[in-house]
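Heads up, the next two complexes both have chain A, just with different partners, chain B and then chain C.
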Partner chain A sequence: MSAERERLLEVRDLQVRFKMGKKQTELVAVNNISYDLHAGEALAIVGESGSGKSVGVRALLGLTAENGKVTNGTALYKGEQNLLTMSQGRLNRLRGKDIAMVFQDAMQSLNPTLTLETQLIEHQIWHRLCDHTTARKRAIEMLGKMGIPKPEQRIHAYPFELSGGLRQRAMIAMAMVTNPVLLIADEPTTAVDVTLQRQILDLLADIKAEGTAMIMITHDLGVARDLCDRVEVMNNGEIVESTDMTNFLSNAQHPYSQKLLAATVEVGDVVDEPDNGDVKASGEDGPSDEAPVQSGSVQSGSVQNGSGEGGSTAPEPADVVLKAVSVSKTFHPKSGVVHAVRDVSLDLHRGETIGLVGESGSGKSTLARIFLDLIPVTDGVVEFGGKDLVQMKPAERQDLRHDMQAVFQNATGSLLPHYTVLDNVIEPLNIHHVGDPASRKARAKELLTKVGVDPKRGHQYPRQFSGGQQQRIATARALALDPEILVCDEPTSALDVSVQAQILDLFADLRSELGLTCLFISHNLAVIEKVSDRVAVMRHGWIVELAPTKELFNNPQHPYTRQLLNAVLPVRRDPQQFDNAVPEPTEDENSELVEIAPGHLVRQSIGAATEVPAA
Partner chain B sequence: MVRFTVHRLVRAIITLVMVSLLTFVLLQLAPGNFADLSAITSGATMTAQGQRDEVMSSFTARYGDQVPAWQQYLIFMKGAVTWDMGPSYKYPSLTVEGIIAGAFPVSATIAVLAVALALLVAVPIGVLAARRRNGWLDNLLMFLVTIGNSVPNYLMGAFLLIILVGRLNLLPSGGWDGPLNMVMPVIALAIGPMAVLARYVRSAVIETLREEYVTTAIAKGGPGRTIMVRHVLRNSLIPVVTVVGPIVASLMAGTVFIETMFRIPGLGQYFTGAATSRDMPLLMGTTLFFAALLVITNVVVDVSYGILDPRTRMERRPA
Partner chain C sequence: MTTPEMEATIDDNPVPESVAEAPGGGQQGQWRLIWRRFTMNKLALVSLVFIVLLILAAILAPLIATHDPLYLDVSKSLLRPGHENHLLGTDVLGRDVFSRLIFGLRTALIVGFVAELAALAFAILIGLVAGYVGGRPEQLLMGFTDVMYAFPGYLFAVILVTVMGRSVLAVILAIAIASWVGQARLVRAQTLTLKGRDFIEAAQAMGAKGPRVALRYILPNAMGPILVATSFGIPGAIATEAGLSLLGLGVQPPTPSWGSMLTEGIAYTQVAPHLMLAPAILFALTLLAFNWVGDGIREAFDTTGRAQ
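Our next item is the complex of A and B:
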């Protein structure tokens, strides 16, 4: 289909090896991959962490880490120049000018001690594109084009003086200012919030529309689908499937591709189950029994089917395990005042899971820490079992810790590295003097089995386990004391999709089996939809909307909730229209949560009409 | 910014008072006093006896007869504040402030030159070693650095004397008459800091080379040297500056061995001489002066941090 277009890049049998550790063990990170890229085309390279997708592309620009080496292959640029063998000088003339690259996190890939001016101009001068004055003019133009307001002032800013969104835009402006033929983007939206991700991708779509070819490295199939025409699926350093995007989505052939697609959790999965079936039906030898997600099955247990509008969502008051009344938390860092949590009232009923969504800085984690009694409230009351946390005696507080456990995002960091896995799980039992050493050990083994970790590996250390397994171990530890409440703070955000799916299944099983009450925090709406009975949307410390899951996803009322939902990039259906404009904040001191339907609360200005806006 | 400055100033004053108190108390606790010690060292001859009397009379003139120690302390501190610390015991004809004013410029000149030389050599060595890390050149350089670090400066001074003066007769062997006198002491003093700084620069550069913004600069097609200077070195020097400050300060306070070896009229001789002879005013004066130097260099380090790293400039706020 692309025969008429110029062939920009031909990669053949690219192999990259690394020497690892003291013994210099050889590791083949990229094993003989081949692909083509045509002018103006956008190619997605997808795969999970460690698949070699990033290493393979960085090798093209001579960016292989010092312990790595390109050991085979060619990469012809415009049919004649081999990127892998050309001299450093010639490569320097291409990179940054013909081929530009953007990285994951602008905070790390912009030099913190140089202004944008220097960083946007220097490579124009290096490539002798124009003189300094013109370079500066072009830099300002490009910043403006990338949606940075007042570019002629912002160009004097240091990276840390910009907000995350502007920083990301500035980084892309830096890559685009030389007008490259090919833009390589290495997970350009992984570190940013969902609404910003959408904005950045819209920006990249504009760049693509102007004829720049693109290679997008991503683990997020939704992102790949949104922007790319073709896709290369990588697993263990090899390309296992190479096809165009439409074909990939509807008719993926390789079992690994199918597994990736099936494992992707997304908004609407719970409602439209058949969608998922299509994909799976295509592969006869599909990974039916080891497929991480059997769509819908998770929801069958404890979740109400959404039919009764609030019927089961308003249980008896006696069932309230944890209660927050007008809770606020204010921090006083050196540079002013941060209202992290404002006037939050929330009841956690026995056996339910409340999902907490919001962007970074919205106060989700602070609220979780308040519930865990890790930080005191500035204002308001938190009651556990009818008792005010503030007035608890040390002994009661100890009981509280016994009944409330947490699982965090970074499993590696939350496990004691110098304790064996078994000791990690036993530790809470020791602290709370539960049982004797023998029974503790038996209990820990039982828990490891329950979360799917072989208890025979209990004597090993956390670092010997994969990220997903570490999260299982952290979960086992959280369950050791048989807590009533489990607070999960982004427990799957650092995991690959297939592992995320497994962990979510584990949580679902544990909840229905143990009757756990759960506070589940995530910025991922699809994950929240999958696990929650009710969802609270937070922004700037306020809860702006609180509703039963189905109600919230089908009938979002608050403009911010709608923007969040619209920003989602689904894999299996077209994304919603997305309006860049940030909705006017309706949350301030003069606003309140108004119940517009049973159990469905939306923050509105006091005095504003209480009628329901058209959906 | 005003609050910051006031805060620093108050802290500096507290530091200086603490240092003076500690020095004074230690001196009181140390066995022997000036009179006894000078009697022993000079064999209680008539001249020594006369000298002693002279000292004691000048002491009485300033501090009064039979004053308790705490009053002596207060009188001295008052003198220190007004830059009028009175005569030294050991050198009765000289005032403490006169000794400092005369010797400090000499020590400071050598110190600044030595640190400048150390940096001039250490930065390229550190960068080179970092770029070739774990290669033979890195190993060789770091081996030399270890040697440089372990050779005491007086040994280095002796080597220089033997070779440059004894064999080649290129330089004057000592004294303080012109630039040629500075060559050997500066080299001898620079070796130690050079080794320390080279190590610091190396590890700072290695760390910076791993930063994503350096990869970004390479991906922008930058020439190696520009990237090294603009993107790597500048960010690497931020931690190095913290080490340079105290090194400069300690060299400025003078070095006994080198000053003695090359017959340089620097602060070091007075500093140590005051301690061994229990010369209270001179010891207190030089110690306080050294403490003040350290405080000042720390302020200078903080200010240069602000110049090197915009994130630490307080007046700028994220937009």
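Our next item is the complex of A and C:
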């Protein structure tokens, strides 16, 4: 109120311990951390999983898990009230009113059985902020402010009736409706796509601009940089560096901070040219066609569905190891029809890596499963080594399985849990009857060594390894049969940045050493840029742009590609201007991939005068 | 019961590099780990020891029994426990109660184990095939299962006893037929869950085919809940056998069975309560022990997939 920068929160020597397992072994999750937060300031607490960043902040709100205990420290709120020792009743009067929290997953955090109305009003009433009518008015106002269209109608919705983006906004509205002094955001954008992440962060930036202090828990330095003034770097339960953001980025002192920064893979790292992509105002060529969902009403488009660009670019047809021609996949869940993959044509040349990028639901994983012959196509042809997959004999298919292997996102889940690590790596050799037991074992040990796992630990089970190690093991298993093609489906998405960097290096080494052909799927543009020779951008099942990596990142043509690139929050440079408006889909049955430069294909509407005759 | 939650809450923490020093290779290590967790539950361990003793007693029944369980001596009818060398007295026909209990134990365990294991084997066959293959075979198999489920279990007992006469085999068959249905549903449900797991897709991408996937990847991972169900099914079968005897559908007298001993004892509760109490207490203890072991097995499997 009076002082310019009132000290809002003083945390001193906070320690949280957990008792683990039957033996109740103690584990210090947070070890004597201290930091200050001033009014209106945004503080980032960054660190990798297991660093205690989340536990430490939740302890302030009395949200320590049952087996955990705050064993030391004070947390003075507004200089007088100690959050750690105050009675439950007093804490309850602060929580949700003065101090609000936003979680990672809105679907998990909102109550699925209550409407937004109830969830946005009840805590206002609890805190006796106002009467029901005012509370309702404020709730609607706040929903509107958070960018939820038609708030007076949406307030009657249940969480499941909202899209992921709206849900996340509703959760923030719920936190903000009491007008808190401090907002704690625990990985608020980790579970969402890049464009949505950017929108959410812009929203949080507005909130911050209005004077709400913020603690942002994140593992993503780009997110931290975008929003926060100060940063606390945590590692193994301790704060290893505490500084302001600009200083941290330019002049990090602690080796761990430096390691974190160095491990961050970023768009533009590879092609070190300033991107001049958004010369032509990115969002403006979108609004030409209005209705976003018009695929159902297309009539004139039925002329040519899965034809046209068939061969796309086939410079050296002899070298094409895997080829998709006008492949479509349609699912028929109970709720209707999902066109997961539409009219995709793609050639995989020997030795190259194609990056497949897109947001969740864009069909990239479905495409991978089609290539892996795990699901049949609805339409189109997949050729492996010049032979149509559908017409292959069972034995040939089995050979295909031998030549094409996969690494999945969830290494923990994709390894056989009841087999030892060594047995896991041996298993493909067993399946394909390669060698004898002794030679299989030797091969598996050799592979484990190659991917950097100590073969002496081969008798242990996958769960006894860390996430990065598990991904190495899964990679070793995929390499056991000396495959020609490796399909990697988000192999690093579940990993911490430093581990991700190691795994990406491993892939780079393996590719150059073994001459692998790779289909690499990721939602992370920076990762894609780092590993790929060519990049295909997918949206709503279509490929909207396909180009050599450098070309795509320097000269993106499709509005969606531009938006994706603009949404990226870099650590080492300023983020691009981001236009909130989602570009209207230009891809539909009336569009086709047009080659605008050698090897650079962009989806464009054909016959721009697509006046849909009102039926 | 706190373990899974505790581990779940600290999801921020990395899996320690080498948590459980599971020795040995292959699947043996897995079972050893489960055994270690099982032994942490003292009640379950004591119960298991008790059951092992029961099994030994059943096997060595002729050596342990003090008298011929079938030998009648009406002059010694309804002796009190401890009288004339009869540890637990005699029944109305002068037969030694202790010896009959021991031989009755034999009947109970044979019925319990054989019926449940037979049911289990059949249930795995049906459930695994239905769950894994899916489609038409699944509809047929599960349709058959549902039809069987519609019949009351005792109906099979009546039919079988009518056809085969009162025998241990008839009782075992009746119980097995009544209990495989639930098991099969469980196996199918487990199979369906596991079929959707990532490691099955990964295995298929490696080229693993049907039988291998079903038997080597799915079944071992499904065994936890199935074993738990079986361990609760055995005491259930023992109780059913007693119930059938009570209805006169059980094992043919004079073959000693706890059920028939109880039935006879109830008539003399006033005069000679030990006739009813002795089998009742042993019966209760046995069922408790099996249930506690079942609890132990469930807990031991509960954290599978997570490091202890």
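Note that the second predicted complex is superposed on the first by the 560 of 615 C-alpha atoms of A that agree within 3 Å, B and C clash if a C-alpha of one lies under 4 Å from a C-alpha of the other, contacts with A are read in each partner's own complex, and residues count from 1 in each chain.
Just so we're on the same page, a contact is a pair of C-beta atoms (placed from the backbone, for glycine too) under 8 Å apart; a residue touches a chain by one contact, two chains touch by 3 or more.
The structure presented is a predicted model; accordingly, all values stated were derived computationally and were not measured.
Engineer: Label the relationship between chain B and chain C on chain A in the superposed model as either fit or clash.
Structural biologist: Fit - chain B and chain C, as placed by superposing on chain A, sit side by side.
Engineer: Quick one: chain B or chain C, who's touching more of chain A?
Structural biologist: Here the partner covering more residues of chain A is C.
Engineer: Of the two partner chains, chain B (first) and chain C (second), which one does A:Lys456 touch, if any: first, second, both, or neither?
Structural biologist: So A:Lys456 meets neither chain B nor chain C here.
Engineer: Thinking of the overlay built on chain A, is A:Phe160 touched by chain B (first), by chain C (second), by both, or by neither?
Structural biologist: first
Engineer: Applying the touch criterion given at the start, work out whether A:Gly68 contacts chain B, chain C, both or neither, answering first, second, both or neither.
Structural biologist: After superposition on chain A, A:Gly68 lies in contact with chain C alone.
Engineer: Between chain B (first) and chain C (second), which does A:Gln464 come into contact with in this model arrangement: first, second, both, or neither?
Structural biologist: Only chain C; A:Gln464 stays clear of chain B.
Engineer: Once the structures are superposed on A, label A:Leu94 by its partner contacts, choosing first (chain B), second (chain C), both or neither.
Structural biologist: A:Leu94 sits against chain B, while chain C stays out of touch.
Engineer: In the overlay, answer first, second, both or neither for which of chain B and chain C A:His432 touches.
Structural biologist: Only chain C is touched by A:His432; chain B is not.
Engineer: By the touch definition at the top of the document, which applies to A:Gly413: first (chain B), second (chain C), both, or neither?
Structural biologist: After superposition on chain A, A:Gly413 lies in contact with chain C alone.
Engineer: For the superposed model, what is the least distance in angstrom between any CA atom of chain B and any CA atom of chain C?
Structural biologist: In the combined three-chain model, chain B comes within 5 Å of chain C at the C-alpha level.
Engineer: What does chain B use to touch chain A in their complex?
Structural biologist: Residues in contact with chain A: 211-213, 215-223, 226, 230-231, 234-235, 238, 308-311, 316-319.
Engineer: Please give the residue numbers of chain C that touch chain A in the complex, ascending.
Structural biologist: 2-3, 5-7, 9-10, 12-15, 17-20, 22-27, 29-30, 40, 197-199, 201-209, 212, 217, 220-221, 304-308
Engineer: For chain A, which residues are in contact with chain B within the complex?
Structural biologist: 61-63, 91-97, 100-101, 103, 105, 108-114, 118, 122-123, 126-127, 154, 157-158, 160-163, 174, 335
Engineer: Spell out the residues on chain A that touch chain C in their complex, using ranges where they run on.
Structural biologist: My answer: residues 18-22, 27, 29, 49-55, 65-68, 372, 374, 398, 401-402, 405-406, 408, 410, 413-420, 422-423, 427-428, 431-432, 457-461, 463-467, 474, 477, 481, 487.
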